[in-house]
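Below, chain A partners chain B and then partners chain C, in two separate complexes.
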Partner chain A sequence: MSEATPRITAPYLESFSHQNVRILGKVRQLRGEQATVDAGGQIIVHLNRDAHLQLNHAVEIIGKVQNDLSVKVMASTDFGPEGGIDFNAVEAVVDATHRYHEIFYDKE
Partner chain B sequence: MTRNNVLPSAETRERLGRVPIPEDVGANQNQTTDERTSQHTPGTLTPDTLDSDSFKMADAMSMLTKGSLLKATLGTLPPDDQPVVQCVQVKPMNNQSGVERWRVVMSDSVNFMQGMLGQQLNYLIHENKLQKGNIVRLSQFQTNYVKDKHILVLLELEIMDEFGLQEKLGQPVAIESQPPNGMDGVKQEDQQPGNIAGNGFYGNKPQQAQPQQQQQQQQNRSLTVRSGGGGSHTSIYPIEALSPYTHRWTIKARCTHKSDIKTWHKASSEGKLFSCNFLDDTGEIRATGFNEAVDAWYEVLQEGSVYYVSNPCRVQMAKKQFSNVAHDYELTFEKDTVIEKAEDAEGVPVVTFNFTSIADLQNIEKDNTIDVLGVLQDVGETQEIVSKTTSKPYQKRELTLVDNTGYNVRLTIWGKTAQSFEGQPESVVAFKGVKVGDFGGRSLSLLSSGSMQLNPDIEQAHILKGWYDGSGRNESFQSHANTMSTVNATGGADKNAVLTIQSVKDSGIGMGEETDWFSTKATIIYIKQDSFAYPACQSEGCSKKVIEVTDNQWRCEKCDKTWERPNYRYIMSVNVSDHTGQIWLSCFDEVGVQMMGMSANELMEIKEGGDDRRVADAFQDAMCKTFNFRCKAKMDSFQDTQRVRYQVQYANPLDFSREATKLAAMIKQYSIGESNSLFVT
Partner chain C sequence: MDYGYTTTYTSAGNQDGGGFLPGSQNAGDSGGAKRKFGTDTLRPVTIHQLISAHHPSPDAEHFIIDNSEATQVTFIGQIRNISTQTTNVTYKLDDGTGIIEVKMWKDMDQDTNDSAPGKPALVEQGYARVWGRLKAFANKRHVGAQIIRPVGDLNEVQYHLLEATAVHLHFSKGPLDNGQTKPGANGASAASNTNGIDSGYGGTSGGAGGMQIPANLSSRAKKVLSCIQNAQQSQEGLHIQQIATQIPMDVGEVQKAGDELQNNGLIYTTVDDNTWALLDV
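Presenting the complex of A and B:
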């Protein structure tokens, strides 16, 4: 594991511009190369060739945050229907990640 | 609508798949609309001047299987026939029990017939696929004759979208109310003007109250109280209103439960009795019959059928301790009581339930009677027990029920219900009249006055089935045993606390006189591979070790029985660990099976077969599994040393959602009191 991919939600996008991040959210819209994922807020993601997102499924995206706060997807994993995921747990992880960021990533 | 008499091009013909018939074309022009459309020959149109709607209509008309509805009612329709009809009306049915039901009227342009959409087809209405005007093919249906009227019950149909929505085709008329096979036992109690509802429903003329044209809502379940007067069957009394002060009454109700015939022999009297529960849409009441009444009515009354019961019949104060229905009074059959079977069950609900979810069971006090709905996770074998008190043998069977609140519970059924139980695991079962006990936390027992239904056709059951098929099957369930209320708390320890292994060792649990309970979440890191199982007696419920007297002769001392093969049961020493330390736990068969994923017999077979590799693999697979172990700790004197032994009672697989919440709460504990300056919003 060379590089850390801190787990974030929409509000954190600004603080992680140009960095690789991990997002777990619900797929809300699919528009060809683009999609909208809801993770504490709407995030526009630009899909790559392998990304096969399904509407109303939970998906984990690993990608780079762009200037305009959209995310360019590098890898994605489908987590199944959004009902199967406890998003409170996700929220708790994100919170812990940033509260105790020393464990999870380097913050300059 | 005029039509050009030009043949379509070959291309069009092919596209339409029809063969034009030139001869008839000219004759059509001067006929009435009906005749023309009924004789319409397809394909005689020009694509250029195509009036697509009329084209479709004419075509649709030809698709309709005229006369098929009449044949269906007479029973002369060939069995594989799938009539094509037009839906000319769609209306929802008012239904007291909340079940969504749609009425439709289908026409084959010659006749129309009222019908009911099977619940599995309700989605067609929701998605607007089936509307007034659609042409449909009836792939699966039945005809019933109810209250002098033929009713279609639609189980499966195919919407022929290519015809879209059409105006009413033809001039269909109602089918003559000919009862099939001379069935004429239907009571004419629908003469009451108050009964006629459903005004404006297709084909209904509100003024008609003739018996021939029974135009009321056939399956209207909101029909209840009818004012008195007239013959005994015209005044149906609601069960709710029964009291000792009513003079004449007749109830129309379903027998929801019939008990066995019980006999008693006392010094003063002896005799026999049976009891049953009657249900109508106002309530339920219990009824008992003694001696002659048993002879007269026991065979007549069948569970699930609807009957008219009229006085003379005694109405008395209810003896609540024998009954599980909520009614102040109860009935006692007399010599002259009149009971007649009702031909149609219209207006009478089937058993109604008031379910408690399994998670809520925790909040229900012991000894309460409830109804429960769940998915069968496990069905035990029928066990014969001899009662300690009466020395009579009886049967019992244990079932494990789960539902979508994440809990499981054991439910015991007795006697005949246990013997004849046919429910398969993964089916949905509804139980009515179940007593709550606190054995092992929470347990349920089906009362003799209770009943059960396998895969009931109620919405909650379907929801549950859907949930189970989706995620429920793989879900791990919290057993109420984790919140054991039966174990008396001696000593200060909180029985339900989940401890880290270090605290288990530190706190000296088990060091005292009595056994202590605790829970811990830990991962299996090693399983002792030698002597992981012992040969046990095959008798149901007996797990005593059997001794191999001679080859293939295993004897159990307790049961005094000999078996050819023993039933191997796990007795494993496992080393489990969490982030604070490791500890040895001993597990018995049930937990062993959970860990190893196979029965001890299976594993022994593999081992005795010499396939050591597979044995090693099996143990390997079992490792690194994390469970919530519910353990008992007690002091053991072993060869002069005193040691605390930890035994696993239950091992529950992790419910990740629940565990995540616990961890999040723990983490939060660290930050209590900390300033929130680090918190990035």
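Presenting the complex of A and C:
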């Protein structure tokens, strides 16, 4: 099994179900064990105990896409206030990841 | 008779060699006396590229990525694990495309490598940028790092991945063709702005596909050259009258520019003395 965690946004969730992915988005809502992250659309994430998400911060989540297209968090990294991250670049990276996947991940 | 020639030749050669070797010894940890410095490159890559890079032979010093030799590489990754050994520190880096080990050899003389006060430290789960050389040891790949430093601005992660993609496309699909840079040059020449033309051509000649434009070319010669370059290329090339109406420019001026371009070996005459074609196509 590959160790790659492709960077995706909400529209890619369906094609990556049951796979490990990496999502860089903005924290929109915190509801205890659950949170909503905006990354090209709303994504519901199920937090683990180590996850310390902050509202209106950018966060990078490594997790597994579930059946219902929510994401189970395995690890999260705070990327600071969302204004500090250029989300056009983030979008471009996701686009490049799938357009030129040969240098990012192996397609099954 | 040819003593003079021989003497100057060898002494020049010695000077070159002497000047170069001391610098190369600072280059780092990789031994190997006969490395080809001429082909040394520093390439931005993803870890996936390092893992899938082709190794031409088990003891080769370089790897092949996108059919081109890669020696030094630079990449970014999240530190998954730091393990300090007696002779080196091993970092496990994950950039989302794969995981690879990075070894930084300890400098025994000064153990202040990354513990200098005030310097941001490398921590687990933090992002780091590495400059180093890909190595294969006992069927396992790792990177011998020259430098590893923490990433301060996380936009650098995105920047690096896009840069690696751009370089990958450069090697796999060829450099950006002139179609990308020329419109800029055209626009500038339409505005008949000499500086604009210069910068436009700077972009063109930067690509491997672009032709070398002598720096001392006059602005009218550059305009004529750009007109011929952008014209539909045919066997006959362009007639002086066509060029004069397209730029537009006085026929006499075009004639002078054409002479200059011919003297520089950039164009040649075809069906008659006043019809010119590009020499490099």
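By our rule, the second predicted complex is superposed on the first by the 106 of 108 C-alpha atoms of A that agree within 3 Å, B and C clash if a C-alpha of one lies under 4 Å from a C-alpha of the other, contacts with A are read in each partner's own complex, and residues count from 1 in each chain.
Operating definition for what follows: a residue touches a chain if its C-beta (ideal position, glycine included) is under 8 Å from a C-beta of that chain, and two chains touch if they have at least 3 such contacts.
Here the structure is a predicted model, which means the values were calculated and not measured.
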(request) Please work out whether A:Leu55 is in contact with chain B alone, chain C alone, both, or neither, and reply first, second, both or neither. (result) neither
(message) Per the contact definition in the header, classify A:His98: touching chain B only (first), chain C only (second), both, or neither.
(response) first
(request) Identify the partner contact of A:Ala89: answer first if only chain B is touched, second if only chain C is, both if each is, neither if none is. (result) both
(message) Looking at A:Pro11 after the superposition, I want to know if it touches chain B, chain C, both of them or none. Which is it: first, second, both, neither?
(response) first
(request) Please tell me which partner, chain B or chain C, touches more residues of chain A. (result) C
(message) Applying the document's definition of touch, where does A:Thr77 land relative to chain B and chain C: first, second, both, or neither?
(response) second
(message) Give me the intersection of chain A's contacts with chain B and its contacts with chain C, in residue numbers.
(response) 84, 86, 89, 92-93, 96
(request) Using the touch definition up top, name the residues of chain C that touch chain A in the complex. (result) 45-46, 48-49, 78, 94, 96-99, 125, 153-155, 158-159, 161-162, 164-165, 168-169
(request) Name, in rising order, each residue of chain B that touches chain A in their complex. (result) 471, 656-657, 660-661, 663-664, 667, 671, 678-681
(message) For the complex, give me every residue of chain A touching chain C.
(response) 2-7, 22, 58, 75, 77, 79-80, 84-86, 89-90, 92-93, 96-97, 100, 102-105
(message) Which residues of chain A touch chain B once you look at their complex with the stated criterion?
(response) 11-12, 15, 83-84, 86, 88-89, 92-93, 96, 98-99
